[in-house]
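Only one structure is covered here, and it is reproduced in the block below.
Read from first to last, the chains carry the letters A, B, C and D; within each, the first residue is number 1.
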Amino acid sequence: MAKGSRQYSLRYKYPLPIHPIDDLPPLILHNPISWAYWIYKYIRSSNNVKDKIHVDIIGNRYPRILVKDDVQMLYLWDNGFFGTGQLSRSEPTWKSRTEARLDADDSIAADKSQLTLEKVTQRRRLQRLEFKKMREQLENQLLQLRRSGGSKEQEYALLEREREALRDFKAQQSFHDELDNVATDEGQINGGENEISVREEDSELIDGNGNIKQLEALELMPVEAIFLTFALPVLDIDMSSLFTRLHAYSSGDIEYKNIHNLMIQYVSYHHYRSHGWCVRSGIKFGCDYLLYKRGPPFQHAEFCIVTMDAHTTKDYTWYSSIARVCGGARKTLVLCYVERLISEEKVMALLNKRDYAGIFSSYKINEVTYKRWVPGKNRD
Amino acid sequence: MSAVYNRSEIEELVRNNLLQFHLWTEVTVATETLSWKESNIRLLTGRPPHKLSNDDEDVMTEYVLPVEMSQYKTSYLTLEFLDKIFDNLCPENTKRLTLAIINDDGTTVFYFVYKGIHKPKKN
Amino acid sequence: METTVVEGERKDFEPVTINILINKDEQSTISALVFDLEDIKKLRQIGICGILTGTLPSASQQNTFLSIPLRLMVEEVLWLHFNGYCHLRPLNGPISQNVVDTIKTRAEDLYTTSIARIEFLYELQRQYKREEHLKKLEKLGLLNKNVKEGQEDNLNSKLLESSLFVQTSNASSILQDFSMQLDDKFIINWLISNSSSWNNYLLFKSLKDQKYILAPGSRFGGKFIAYPGDPLRYHSHLTVQNAIDYYNEPIDMLSLIRGSRLGTTVKKLWVVGGVKGDIEEEPSTEVDSTSKEKNGRVSFFSIEWAAFG
Amino acid sequence: MKGTANPQKVKDEAIDSDLDDDEIVQDWSEVAKLAHTNNAAALIPKRGEKDYEPDGTDIQKLLLHQAQKAMFDTLSHSIAGSVLKSLVKAYYIPDNHNALLPHPKGNFMQTMGRMNSNGQFTLSFHEFVYLAERGTVSPYILVPNSDGSKKLEIPLSIQDLYALFKSQQDLDKFAIYAQLKRLGFIVMETKDNSYDKSSIYPPTLSHNKILRFNSTYQSIIAPFKIWRTSLFNHLVYNSLGLLTSKYTTSPQIYETLNKLVPYTKAPKTLEELRISRFNVLQSTTTNNTNLLSLTFNVWKPQTNFKKKSPGLPDYQVAVYNKNDNNVKFPTYKDFQNIFNNLDYKFEFLNYSRQDEISWEDVSFTNGVPTNTYLSNLKSKAQQKKSSDNDNNTKKKKKRALKTFPPHVQQLRRLKAGYRSFLLAIMDDGIISFVKIAEEDFGSENVWYVPTATTNNINSRASNKIKNNNHGNGDRKTRTTIVEKSKI
């Protein structure tokens, strides 16, 4: 997934997964045909995504929202930096990292000088694992064949494939024996994720075709899922199913107190997203959100957002620890106080009518920044 | 008669995370269970690829407790719960428990929990 | 640990006086202040450090080094009280009126005493200055027998008198006999009901039993910070959170994450604790605090980032 | 300030330790040297870092002993008071809870004290205790003797003074007062009426007066009521309305999205400030009994301070004791109440200016414009001159925000916020300050606009698109912030 610099700027061209219609033909004022063509294209075009993105919601009391398709994962990342790879720091890169780690990518393996002793060892072990796995499969097939009374020719073909696999494996082993020497001479042994020896456990990463399985899904925060359902029609789920799913396993009927937190979290998320911020989880800094001006590849987050009910008061130690963490990371702490403007009953009534816009517009954002102030530094 | 919440999904998630993200080995779900508020709690055990603390003598087997955390739901991690985990699921004289906090933003983060008062690392 | 105190030593410990600024008319927390430097020294020997809050006259333009009064945390006062280390002196109110009344009724007595005291201090200074002056003259070889007695004195007396130092003393001579209108038990119950929580005290006590020295910790995101020895010489080890309900209050995960993150940079563990026991309600004014103290057992957990993930 | 030991080093250390107050290394041997008291403390060798924990070694015990000795020696040698020849007596007056100085002298008079109606110099109680603690004045009380024939002068101790505090809250306020004073700030209580107060708000914000702003009034009031508009809006707000509308630019999409959630718009200009104050005065429903209030006005250290007419303060401070069970940390309502009552040099008014605002030009003192007030003062010429000088030096130092590129201005606005105050937190003797500022993300848009779309015709030609040219300085693609004018 190496990206050239030109690709890099193209990749994050759109700030949201809903794109504007930006491929309309030029409109030439004195040429009516261009008008017709333009109108035709305009009518035919749509802002909608071609295929809505599929989400799986797993878990019970703590639902988690997953996107598993590789292309769709990437799409959500590239178009507004939504979601987090479960086995990555942010962008879901686990598979490519693992491929690199296990040298499954031949283009990397071919570069002999890059190989380290440990990598060679790793790959030999891995190939042994692969071979064992393949032999196991062939043996199973053979067993099946015999049980179902297959022909001698078929059985012969299978055995031949097994022998061939063994030959390949042996050839690779001797090839790597040579590489061993290269690597030993260079004696480069590095630490880090990519240099970890292949472990027995890695065998479970390989699928029937010898490829690395995708174990990673892109996980969306509940508020992201709401945004991509309610605000932008991107996910293949409707708001009330999503909302119900997020509150399933609450005991009995949904009560206001059970939805309050999600309401204020969403209103706050929508507020910042809708003014152009890239809003990502702030858990690393112990706050709710981080605001990036464009997105993580472009600059650091400047703001930490803590969302709270407007009537909230906490022990001072709570504020002071947040402020220290944000201050330490040189980010500005914003306390986002969300105020409900209508009664709980009215919110529930709107919920019954599935009037989500009605609900979300009934909360008001009030913000303050909170900064430690040092007298000695503010004297002139 | 209340439902018993299934924790195998998060056990699997933490197992994958330790095994395939942090490259631990010998990661398994322990057999001992603790029945706690409609859930059966099990720990994971495993070995990290290197020492996790300078104060450790060597790589040691870690006991990992997966707990969930959400943007909009309160946590269930009480002091009583932690005491029960130490008392029932950890071998005697276990130095520490590793808390795996599974957040609903896709991240899993790990913290050491020592029972009682513990000194910080010297270095 | 040098501040170890065994039971027996308490007999040799002359209780210190803690001034409690208490105003019955107002719902208000309480300041516990110590003005006597010898008392402050004694407190430090038993691991009660407090916070100096007054201006240091010799370096009056900074806030790092401050002077008396020493302000104590409520938990420190409770601990000192339950261990017999202190007397409590209420400055009950309306405070100023009481003080002023006391001064008025004892005006002549106080006046005479103060004059005597000032004159005594002046005389000490005069003597000292004369001796210093003579030493100086002697050194310069200017001393002769004639000068030694009356003459020189006259020459310099005006100068000397104007250079006498008028000291504003720290500790009060007026309040010595201030009538105690409230007993210690009443003040203690007032302390317990008006500030902090009883469980925080039990956390404090448990840490004190483990030889930690505690200080206010809000700037570091805790109720207390705990030092393994005198803060003058040792780094703090722990940021201790407010006590939480052992059974029903979940640990706030975001706080845990923040605390551990901070702890990593400043090398402190984030400590959360609560009290298990039968009695859950707040102690009323009639609760015998000492018996209650034995009821709860404190459960602590120390938490730090696992250095991965 | 009067010249007691004022070693730069201690000052610097104090400032540094504030910067990272994590572990204030209290090396008392340093301050002991400065306390011009000869003694063993000065001989203590400079010690190194703090240790991890006690290990029972003799060397550790020695170091601890020395550190404690340095501290206690300093404390016992550093006594408040003054030599007879420069003795300034201050007499506590119980009835007024202040102090009277028959023969006042000293630099403190520039920033502290006031004349009472009898023409006598008085100190407020905080000033009195603060000056007594540092030895600048000597505290006494005058009481009649038994037959009332004469008044006896009885010296007071520091402890006596503390017994005279009216309440716990008052003691906390004093601690915060003293903390700021020690660093050279000029601090006055907001309730102190002994000086001429300046205000950014016209003296009588009557309805008539406000009508003068009428033209702008409507346009500014409207956003305050934005949530109503929004409630109406949601009727047409339906999953971006992709069935009925087509969007040819990203900003159009954002503009649809950001109509949903109402937000509090912070006043950003002088006019908006005054109008918001007017609105607050109109709505008399606020129940101020239990709310946090402003305690101090604070001016930065300065040499040409005019006690009688100090002008607008630089900061305003509210006090909060975190260990008081009866007071909770302020909620947003408390913050809002404070914001509405603020009256200081609102620094954010400079955001949109090329030059620094002249506070005399925009404020009122004693009910008249401050400039008029100043010209009525006898010392007018001098006054003008000195304040002009002051402004000139400031102008040189500060670069106006307006001269920065728009995206930098925007980020700075967001980071600093608008109306702000200082919250002083008392934690059993440890004081911290927090700056709370009103923030307004709703009025700023930061979305990224790909340049590829610029050739296209805007399908919603009726929308006035105002290009504010807020480029975000991205290396590869120019970012433009487009703000739809609010109707």
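Basically, a residue touches a chain if its C-beta (ideal position, glycine included) is under 8 Å from a C-beta of that chain, and two chains touch if they have at least 3 such contacts.
Every value quoted in this text rests on a predicted model; they were computed, and no experiment measured them.
Chain closest to the overall centre, judged by the mean of its C-alpha atoms against the mean of all protein C-alpha atoms: D.
Each of B-C and C-D has its own count of C-beta contacts, and the greater count is at C-D.
As a whole-number value, the distance joining the C-alpha centres of chain B and chain D reads 46 Å.
Taking the mean of the C-alpha atoms as each chain's centre, chain B and chain C sit 43 Å apart.
The centroid of the Cα atoms in chain C and the matching centroid in chain D are 30 Å apart.
Taking the mean of the C-alpha atoms as each chain's centre, chain A and chain C sit 55 Å apart. In chain A, the positions touching at least two other chains are 283-284, 315-317, 320, 375.
Chain contacts: chain D has residues 14, 18, 52-53, 179, 183-184, 322, 425, 427, 432 touching two or more partner chains. In chain B, the residues touching two or more other chains are 17, 21, 69, 108-109, 119. Of all residues in chain D, only 1, 4-7, 10-11, 13-14, 17-18, 21-24, 26, 28, 31, 34-37, 50-54, 60-61, 63-64, 67-68, 71-72, 74-85, 87, 94, 97, 130, 132-135, 138-139, 141, 143-146, 152-160, 162-169, 171-172, 175, 178-179, 182-184, 321-326, 425, 427-430, 432 touch chain C in the complex they form. By the touch criterion stated above, chain C contacts chain B in their complex at residues 207, 210, 212, 228, 237-238, 244-253, 256-257, 260, 263, 267-269, 271-274, 276, 299-309. Those residues of chain A whose C-beta lies close enough to touch chain D in the complex are 8-9, 13-16, 18, 20-22, 24, 26-27, 42, 45-48, 230-233, 267, 270-277, 293-294, 298, 302-303, 310-317, 319-320, 323, 332, 334, 337, 339, 341, 355, 357-358, 360-380. Residue ranges of chain C in contact with chain A, taken from their complex: 63, 217-223, 241-242, 254-255, 257-259, 261-262, 265. By the touch rule above, chain B contacts chain C in their complex via residues 17, 21-22, 48, 52-53, 69, 74-80, 82-83, 98-101, 108-121.
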